[in-house]
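Which chain is which? They are A, B and C, in the order written, and residues in each are numbered from 1.
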Amino acid sequence: MQSNSNRQITTIESAAVLVSTIIGVGVLPLPLFAVRAGDAGAPLVTLLGMLVGFVGLALIALLGMRFPNKNIIQYSEDIIGKWLAALGSICIIGFFAVLTSLTAREFGEVVVTSVLKETPLEVTVIVMLLLAAVSTRNNVITFSYIHLFYFPFLLLPAILIVALSLKNADLINLQPVWGNNPSHMLPGVLTVAALFQGSFVLTLVIPAMRNPKKAMKASLLGMLIAGGLYISIVIAAVGVFGAEEIKNLLWPTLELAKATSLPANILERLDAAFLAVWVTAVFTTLFSSYYLTLQALSTLSRLKDHNMLSFFLLPLVFIMAVMPQNIISMYEIIAFVGRIGLSLTIGYPALLFIIALIRGKRGDRSNGKQVEKAS
Amino acid sequence: MNSSDGTSGSNSTNSSNSTNSTNSTNSGNSSNSSNSSTSSTSNTNSTNSTSDGNAPNNRKRVVTEASTPVLEPTVNVDLTSNLENTIQAIKAVLMEDGDFIIRRFRVFGRYDAAVFYYSSMVDQAMINSSIVKPLMRPPGTFEGTSIEPDELYDALINQIIYHSDVHPEPSLSSIVEGLLRGNTTVIVDGLDEGLVISTSKIDKRAVDQPATEQVIRGPREGFIELLDTNISLIRYRLQTPELRINTIEVGRRSRSRVAICFMDGITNVDLVKEVKQRIAKIDIDAVLDSGYLEQFIEDNHYSPFPQVQYTERPDKVVANLLEGRVAILVNGSPLALVVPTVFSQFYQTAEDYTERFVMMSAVRLARLIALVFSLVFPSLYVSIISFNPELIPTEFAVAVAGGRSGVPFPAVIEVLIIEISMEVLREATIRLPQQIGGALSIVGVLVIGQAAVSAGFASPITVVIIAMTTIGSFATPAYNAALSLRLLRFPLIILAGVFGLYGVVIGLILIANHLLSLNSFGVPYLTPWVPGDLKGMKDLLIRGPLYRMGERPSFLYPEDKKRTGKDIVAKMDEEPYKVLDPVEVEKRRSQSDAKQQQPSDNDN
Amino acid sequence: MANRWRKPVKLAVVILMVFPFLAGCWDRLEIEDRAVVLGVSIDEAKKVTEEQEESEVIPNGPKTDMVHVAVQIALPGRIPLGPSDSGGGGGAGSQETLWVIDVIGHSIDDALMNLQQQISGRLFFGHLRVIVVSEKIARRGLENVNDFFRRNSEVRRMAWLLISKGNARKLMTAAPKLERVPTLYLMATLDEGIKMGKFPKDYIGIFWSNAVKKGQEGFLPYVELRKEDNVEISGLAIFKDKKMVGRTKALDIGAYMAIKGSNPAGYRVFVDLGGPKKNVMTSTTHRDEKTRISFKNGYPHFDVYMTIEINLEEKISDSVMISTTGTLKQVEETEKKMALKIYRDTIEMTQAQGADIFGFGELIRAKRPSYWNRKIRTKANWQEMYKEKATFDFHLTVKARRIGMRAK
């Protein structure tokens, strides 16, 4: 943990962190969420969701640029005072702990339903969680390296599936672009926006960025790539299956991979392979949210050794992950938590930002040392 | 305690304790010879290093801490002018080695003298003709004149000894050290300094083709064991005063010379400092190969991945020096170490740069695929066969099932068995004498593979997969990297047996995360891939044209960043002049005709 | 120094503690231990014999009609690895490479469970390529079939669902001589049909998608077994709400593909140039289609503009000379008339069933959403409207391009 004093994360690296955090297990049911809300207008729903998600991210970026040496736990103390901030921070920590557990659980469900049918769910969940926990032993620089490294492994399979399946797509399925029933869109937009919540991790990255002024550029870039991928996946899924069929599929993206075969039949169907590659995407998401939880917790509690914390928190997260009784209730919980999370990841930063504007608080460089200690 | 500045106090305390204890268990004469070398080592520290090391109190401290009590008085003594005393003293240290020779004679027929050397390490003819002979029969200019004792020293050094490398040594310890290096010492009665003349001649093999890094196109020279030869191989390739070669001695007993090569003005100064410091920390009794050093200076000792590159090609060392790396050579090892190292170096070869870039980019990609194959192929096979047979084409799946139907083991066990026997076979082939090694490997693969299949022990496809994997691992140019990937294959196979593709990816993520957290001298291991370096990417998966790679790798923070001329790219991209294009030829001819005609016109 | 190796030790401890929990090979199932199902046929269970009754695992099933399921399992040991010398395998080959087992049950899963009781290897549907359903079952409705195969994650969306005339099981036991594994031959028949333009892409996944669309109905290949154990695609089975409601002739497939404008094209027709033996044979090479929607009296009207390109392939006698553009024009005109009639017949037939397999409703939904939202909204409404109110006009342009290597 020696190189915290170095600010060496580049704009591209921070964008990569955002992209690989956002893209995760949520991609698998994404077309279903979008189609439920907007029928053929699913891509539009995704786009709107992305815009809502971007509002939250932009707030984080703005706050980060205002306090370039601090993360949200630290500058919230400056802005609204120690006790109120502690309350907010605890909410954030709790939310991301829950988010981590739900991500692990959701992916565990996917794996157990489609590939490893006999393997106990607990095993797949704990494997993913352990993988994330072991990796949280790294500092924020390595954290960004890890994300940058997996970045292409995440984009390539998704792009491949989209490209291969587009030849089976039918434009009719995508029309009209606003859907046949636009009035129902709002809840769907919020559900999709909830998938972008992981981008909150930017608050940890900014204090280590080489040039924190570029945080907005990075978040724009990250959002464009991730959102673009989301939209293209929704377009491909709706184009191939049609809106009505997607309503019959739990994980349309996986089904898309199943319907796709590599040219010349090297692999006849890509679902298992896609799922395998998607482990990396889920890992990066889990890693981010767990890392965020831990860092926030250790910042808040002024503990330096977050390795121990990591293994203390693990059982807790695991228990939360195995709590939902079945897959349907799991998705209900995910939707519910997503809504709460939206108010937290957009509302709280917005509140902070407004108060900071009113009170004229700014982070200055003399406080840099605190950041080092904490993160 | 071998540190050149002689300040590593605490270390030497520890080592002296251990040395003492071992010596006390030994008894009598038998242990003396080994003791002597130890003691002289300790002494070297003070005398051989910096000048302040010679300060008496400093020397005293080192000696009392690091040496054996028996020899201390003898070794720590300056020479007296009495020849007999000196001979006794040296004898006491070097005892009765069979190849140690003391030749007494008389200089100018007047002064008693003796020559000391190890007959096994010197050029005896040279001693005869250029040392002993002129001493016994001084050249004509001295005939008739008698040399007084006070002129003797001056005459010996300046007029009599025919040798360029002579230096007087006042202390017994440095004389002993010189003798052990293969130098010859002349001691003349009445002089309180011995003359150490370098006469070392150690048999060496010829400079040969590098055995493990052969190229089709490129230099054919490889390093040999002798450090000086190796340095000469580097120096004649880099005829510039910027090449710096610093030597340090490492190894309490072997006292191997370690040469640290770098380019002044290119290599990052702090990097050189850090390399020297890490080498200085090494405290071991013998360094028999550069591999010993590698294990001391690498950053993460537990990683399966090598963090130091070794090479036996001088041209590769030179190329690395010019990129801003530091090379480390050890006397006795034909392999030079190059630091810092990033992962991409392990699949690059010297040939990549000697052949044209388009072809070699393709070859490099193939090599990279082979590298990845050698890591994941068996585990992918296991997971597809045992977990996801729906991925492969139906016809093939049915056929594979047919091939496996007689095999009693699950695919994991089958693959593990064949993999392990392949490793055994490979190891056996290395150990076998060369003459039968080749035969056995072919016989082994063919016969055992065929037999295993027909015995229902393995399915033919498994054998094919393992064979491809093994061959793939040999396509990796760096043996140490191939070895680590081969090792990591096994946990991957087991993970594949438990979780299928999911497990393989989990394993790969673990490996990748480890790689990402590794660094070599602070350079992240996967540079320039992560962290991204667009300029470095020109030499990552492909090999860009040389003239476009105008900058040294930026992650090495070289002092001098550019390696090509300023507008080389523009010059190279210019449309070349088509000298022999018929149109051009015609044009030139008519021009010259016109020129010839012009003067004639003028004449008219 | 201690810090350096505390990390790996801790890691090792964690791994050691966790590994026992993880060290199980729950899902490892060797490929040869799987009963690789290549084909499934579903028939009506005619008579339930005593023995079959006994083999029922669940005694009191739901009160539905019983289904008779035959499953074709590859026998791993019998199919040689690599290209074998005997090539096609021969007529007797099928009995050896494949094993067809019959079982009955109240539903498909029930039947398969009964089957699982009888065989050692676990049934593996990852390589299920062909599902054959008899016409009777199809007319009864495919909800159960669809549901089971869609829910099962192993089944691929690229499998074929076929409707057979008569007994579906016969297709499982049929042993065409061309392929070592008969089911693969069946599959190849259809796949090649797509490449030759004889059949539209209609994998099970596409059928599912089409069948649930609001403005479209599904269709499936309708196959018949011929004498030589070969399979003929003899038309389209037309569905309405997951129930088969009718079938078409083989040539209607061409009509369907022309109306959809799908390529490649591959149907051949006789063109009668007037008079005995004045027939020439043409083959379609390229199709193009554009549909305009308009509303007449508040109901949708479709103008389908089609262009097909044809090549002349054969003539019956030399009484026709193909040497002038005039003759080709004549060929074009005649073919146009013929084709339009076929198209109209096809459309009328589907209209009679109220099954819009072409997806005209989808077209309205996509292009005229306001009308759709106002007037249609549901699948049932569209079925009604398609049957009663929708009108069609076909505009066909035929372009004869090439006449082969012969000059006249």
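The rule we apply is simple: a contact is a pair of C-beta atoms (placed from the backbone, for glycine too) under 8 Å apart; a residue touches a chain by one contact, two chains touch by 3 or more.
Because the structure is predicted, anything quoted here is derived from the model rather than measured.
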Centre-to-centre on C-alpha atoms, which chain is most distant from chain B?
C
Taking the mean of all protein C-alpha atoms as the centre, the chain whose own C-alpha mean lies closest is A
Distance between chain A and chain C based on Cα centroids, please, to the nearest Å.
40
Centroid from C-alpha atoms only, then distance chain A to chain B, rounded to Å. What do you get?
47
For chain B paired with chain C, centre-to-centre distance based on mean C-alpha positions, whole Å:
67
Residue numbers in chain B touching two or more further chains are 387-388, 390, 394, 499-500
Residues of chain C that contact two or more other chains, please.
22, 24, 27, 156
Hey, what residues on chain A touch two or more of the other chains?
115-116, 119, 127, 134, 268-269
Which positions of chain A touch chain B when the two form their complex?
8, 10, 12-13, 111, 115-116, 119, 124, 127, 131, 134-135, 138, 142, 144-146, 148-150, 265, 267-270, 272-273, 275-277, 279-280, 283
Where on chain A does chain C make contact in their complex?
40, 113-120, 123, 126-127, 130, 134, 137, 168, 171-176, 178, 180-181, 240-242, 244-245, 247-248, 255, 258-259, 261, 268-269, 271, 311
Chain A-facing residues of chain B, complex:
387-388, 390-394, 499-502, 504-506, 509-510, 512-513, 516-517, 524, 526, 529-532
Give every residue of chain B touching chain C within the complex, in rising order.
301-302, 385-390, 394-395, 397-407, 410-412, 460-461, 497-500
Which residues of chain C touch chain A in the complex?
7, 11, 14, 18, 21-22, 24, 26-27, 150, 153, 156-158, 201, 203, 205-206, 208-210, 212-214, 359, 362-363, 365-367, 369, 372-373
